[in-house]
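These are the structures, in structure tokens.
In the two complexes below, chain A is the common chain; its partner is chain B in one and chain C in the other.
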Partner chain A sequence: MSKADELRLKAKRRKILIQTGLIGLSIVVIFGAVVTARTNLQSLGLTSGFGFLARSTGWDYSFSLVPKTIMDPYSQTLFVGFLNTLFVGFIAIFLTTLFGFIIGTARDASNIAIKTAATVYVQIFRNIPLILQLVFLYSVLINMPGPRQAMSIADTVFLSNRGLMLPGLSVTPGVAVALLLVSLAFGVFLIWRKSDLLRGLLTWGIGSILMCVIAAIAVRPEGASLVSVPELKGLRFRGGITIPIELLGMIVAITLYGSAYIAEVVRGGLAQVPKGLTEAGQALGLTKGAIWSRIKMPMALRSIIPPLGNQWIFMMKATTIGVAIGFSDLFYIVSISITQSGQTLELIAILAGAFLLVNGGLAIFTNWLNARMKLKAH
Partner chain B sequence: MTDKSVNTPISLASVRQILKKRAFSTPTDSVLTFVVFGALAWLAWSLFDWAILRAVWSAENVAQCGKETSAGACWAVIDARHRLILFGLYPFDQHWRSTLAAVAIVATVVLSCIPLMWTAKRIITLWILGFTTYYLLMEGSLLGLQQVTTDGWGGLSLTLFLFSSVVLLGMPIGLGLALMRRSEMPFVRGFAVILIDFVRSLPLLVTLFTAAVVIPIILPSWLEGDKIWRVIVAFALFFACYQAEVFRGGFQAIPKGQFEAGAALGLTYWQTLGRIVLPQVFRHALPSTINMVVITFKETALVIIIGFFDIMASAKAAFGTGEWAPHYLEVYVFVAFIYWAFIFSLGQYGEYLKGRMAISER
Partner chain C sequence: MIKKMTLSGVAAAALSLLPAIAMAESPTVQQIKERGTLLCSGHNGSYFGFVEVNDKNEWKGLDIDLCRALTTAILGDPDANQIVPLSWAQRFPALQSGDVDLIIKATGWTMGRDTELGLQFSLPYFFGGTQFMAHGELGITEAKDLDGGTICVEAGTTIERIAANYLSTIGVEHTMVSYESAAELRAAYVANRCDAFAGWGPNLAVLRATEIDNPDAHVILSDQLSSEPISAAMRQGDEEFVDVVNWMLAAMLIAEEEGITSANVEEMAANPPNPRVARLLGSEPGMGERLGLRDTWAREMIAAVGNFAEVYDRNLGAESPYNLDRGLNNLWSHGGVLYAPILD
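Entry: the complex of A and B
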């Protein structure tokens, strides 16, 4: 055997040794953890397993999209938390993307005043921890005047310590969710069809609004007016849509913070578009809007979408801070369930599983979007 | 084009030209400029008026707060409670230690920004020195001072402690994970990939919560350790998994030929890594690393949720008593400003470095 072969064999042996060691160590750690957990749980008198999911909880929480009682089983309560997380997460993703693109474009504006305003916004909201902004905002909201002294715009929109009251279409929650899903599907369809950016957005916006109005006319409850406006009746408001302050705080705080981050992503993408392309557009006599939607943005999107996807995942994860103000997102529900039922390991596993599922889904969607947006000619 | 504009001295004519092009190019543009600048100026003035002109500054004048004559900020609450906000429940007569310790950490961060410190030996020595100084001062027993256990640490000092220990611990783990991820051995690589992707797809809060609540169940009690150390290790793992991806980006910028050159010279894996590859990786990864450090500093604010008395919690306590309850706004503005100043300066420094490196690469 030559010297080289000998060395190669030695290196191969070492590799096998290292890997066996790593696998062995992992097995020992996991096995040790399981054994310790079993003895620790037994000494605490807890039974492991998912049987507790069928028991009713016996405690209440702040926000739910579906009717809730304290007699709901753990499984249903956890599902409500999961829905709340998705609800806030997707609203935040939608709003931050919208405002992020607007502010990011403003950061790239030729007008000095607009650019300054956008820069000030980004530098303030990006540089303060999200949880501090949330707690700050919540303190302000909770110290708002009561419903009787509510601040109002034209007596249709009210803001008080009970929440934000908005006029809304008279539809049942079920119909509202259905409309939301159809609108979402419509958006995905437009992306799939690769429609022109600005026209696609307009089609989507107008199409969604029209669809809502038609649905509201078609299925509104007997005798109800088309639009329901909040009205002060005694000590509380009736009619319209009420956004409780916990939900309002979550949405506004995550939107303010996330928009600043996405604005930076968008600005970075726009900055990478070669200047010659913009100048070519100007030479052709295109308007600023056309240059933005037909030249700059399609080019910029290629470098925007991967980090944008990361921001979406961040936003979904950020919903966990709801626990700081008592918004009943999944993390909040899980942490209360842990103190109430003691089923720590099972509940943490559910929590982790839910986030792996959602974030994995978002990552897949981002990859799909990225593949769709790629320029074919390159 | 850009080179020219950098070197042109600013003259009155050029300012006028820029203004004409970028503020008053069309009538709509002019209107927009006036409206937006007007709104910004009004905002700035209102803030200045509230925070400075009409503010009550000292705790003795607290009676004036909220009166018609002074509808501004009531900084009296800061005057009266700043010790609580900055130092938490640390023994009152020992606050000088907490101050010095915090200064040591801030000085460490500032010194690491100077290129003179950018050699492996210097930067490691600096951070270990800064961290040890902090720990000795805060804990005290080794210096013959009154002992204060970690339960007694709080406020800004605790935030800085969490931050520095996470970075100090997370950086080597991150490098280790990045190296494992590049390994030729499939099981080593797989281990790193699974760990990194798993931690990255969980919210930080879940990771920290797991460390605080789940680890005591699955570890034997002799391995359990203090809650604060468990949380720091979990936080460091979070930092490491993100930092590993930053390092991976740095590794990708190194041509494969350099490893081969190292091997051809007869250098071992570790020699090639330490002498040829890593110095370049660090350089490439520097702006993203600073970004990661900034994010870590921001995220330390989350520990309030798992029950630590960091600056957020001490701020809450500062207006928690009845007499100061109406002045929550001032306390939050104060804390937000501390965070902002730190994060903004680090962020600007990162931008500056990015710009400088872009120039050197042209």
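Entry: the complex of A and C
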């Protein structure tokens, strides 16, 4: 055996030794933690395990997309929380992305007024902690007039401190969720088909609205009118869509905050597009809109998407601030379940697992999107 | 014959011991008399309505008045007591270690305290439970009028469960919004985010009186969702002291039943309208000896602090800022659940 082979073998052995040692250490640490937790729980007389998931909760919470009662088991209540988190998360992701692109483009504008306004917006909302913005916004929202003195637009849209009441299509909440998911899938399909940016957005928007109208005509409950308009009856509004004030606060606060971050990501992406490309567009006599949608944005997207994915994951995690204002997102439900059932470790594990699942999925989607948008020629 | 004599002598000696056994004084009462002061539980701050400090740095409240009543019964002077400030967590260790003679401090009678903590409880003198407070402008008086309304509650509490359970039982359709922070909850209710607010009755009354701008604009609904008995807690093993505390409470209730107040007690004692009043006020003997106290202890006590109605009204009821309806805390004859054992 030559000297070189000997050295190579030695290095290989050392590597194997280090790897084995590391794996062994991890096993010991994890095993030790589990055993310690179990002994401590036992000596405190606390029960562990997931048996509590089948017990009914006996307490109520503010918001649910599906019908709920206080007889629901913990498992179902936690699932409702999970749905609420996804609901707020996806709405926030959609809105922050939309406004982020608009404001980011405005930051890149040649018009001084638009540019300054966008800059001021970004600086204000990016630099104040989200929780502070939310609590401030919520205290403003709940001090609006009550339902009997609600502000209204043409007696069809009402805003009071209970929430925003909108006229809505007469569909059940289940159908509404299904429509939302189909619309989302349609959007993904358009990206997969690599449809043109502006045309794609238009197709998606019109398609989604058409789909909703058709669904409302097809599956509306017997005898209900096509559109239901909110009406004040007794202590609250009936009919239409009610967006509870907590949900409204969550969406507005997260959108204002997240848009500022995404605007910066978009501005960064646009700044990386070589000036020559824009000038080439101008030389060809393209309009500003065409330059933006056909040259700048497609080029910028390549550097926007990876950090944008990070922001999406961040938006999803930001829903956990619901607990500050009584919005029943997953973190809130877990937090109340802990005080009511005492199963701290199990519930924290469920919370962590759920976020890992959602954000893992988002990361995979971002990677896919990135691969899809890559310039094949390069 | 001699044997007989001895036997009868022993019997006589035994007989002469009997009354002494019957009158055996409670060791706690003995200690209090030797010390000349009664040590009662206070609070680290003010627990409004029950144990509070006023702007002259004096203790007042329902529980403080009961302590003053007990002091008068044992020592004949309502001021011969010392209020020891204690936090909620400190109260039981302080009782066990003898820092206080008893705890009269909005303390619920629970099985765990009765058994594992080695305490014994007096007759309940107060029943507090979950209730709703609503905005007066809604014009509602009971929970079933809350149909379609929004109810706020503190998250993670027993109140949250009790309120949800009750509304589900009576079939009131509602939205429940629960907050983790009590401050956030109060702000939401005050801002009219919710039509009603579920909480512990006395706390709602205090909140209404102290933290809301216009107390008259809020009503506490008549529904009682739960009822927790509030009693005085004492160390296990001194039954005679429990007797003294129970009869102190009973005397205040009997006085209310018989219409004896701090204003007319001397007159009633001079001309008792019936034998019960005569016995209670010591116009005829029997009230003191059986408890190891003076025959006139109840008369002095009522003269000093008044009957139960006076004490309640002064601290929680109509004459206090809290204006808490007596509800369950009325005499049995007035629709409440308070009653006294039979005075024979």
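Please note the rule applied: the second predicted complex is superposed on the first by the 345 of 378 C-alpha atoms of A that agree within 3 Å, B and C clash if a C-alpha of one lies under 4 Å from a C-alpha of the other, contacts with A are read in each partner's own complex, and residues count from 1 in each chain.
Keep this in mind: a residue touches a chain if its C-beta (ideal position, glycine included) is under 8 Å from a C-beta of that chain, and two chains touch if they have at least 3 such contacts.
In this text, all values refer to a predicted model and were calculated from it rather than measured experimentally.
Once the two complexes are laid over each other on the shared chain, residue contacts for A:A352 go to chain B alone; chain C is not touched. Within the superposed three-chain model, A:N367 lies out of touch with both chain B and chain C [touch as defined at top]. Of the two partner chains, chain C is the only one touched by A:G146; chain B is not. Once the two complexes are overlaid on the shared chain, A:E246 sits against chain C while remaining clear of chain B. Contact with neither chain B nor chain C is seen for A:T287 once the two complexes are overlaid on the shared chain.
Legend: residue contacts after superposition of the two complexes on their common chain; A:Q42 is shown touching neither chain B nor chain C.
Of the two partner chains placed by the overlay, only chain C lies in contact with A:I70; chain B stays clear of it.
In the superposition on chain A, no contact is made by A:T172 with either chain B or chain C.
In the superposition on chain A, contact of A:S335 is made with both chain B and chain C.
Within chain A, the residues touched by chain B in the first complex and by chain C in the second are 139, 143, 323-324, 335, 338. On the chain A side of its complex with chain C, the touching residues are 58-62, 69-70, 139, 142-143, 146, 161-162, 233-236, 238, 244-246, 323-326, 332, 335-336, 338-340. Those residues of chain A lying in contact with chain B across their complex are 15, 18-19, 22-23, 26, 32-34, 36-37, 40-41, 110-114, 116-117, 120, 123-124, 126-133, 135-136, 139-140, 143, 275, 313, 317-318, 320-321, 323-324, 331, 335, 338, 344-345, 348, 351-352, 355-356, 359-360, 363. Residue ranges of chain B in contact with chain A, taken from their complex: 1, 19, 21-23, 25, 29, 32-37, 39-40, 184-188, 191, 198, 201-206, 209-210, 213-214, 216-220, 298-299, 301-302, 304-305, 312, 316, 328-329, 332, 335-336, 339-340, 343-344, 347.
Only residues 138, 146-150, 152, 155-156, 160-161, 164-165, 168, 175-181, 184, 187-188, 191-193, 195 of chain C touch chain A when the two sit together in their complex.
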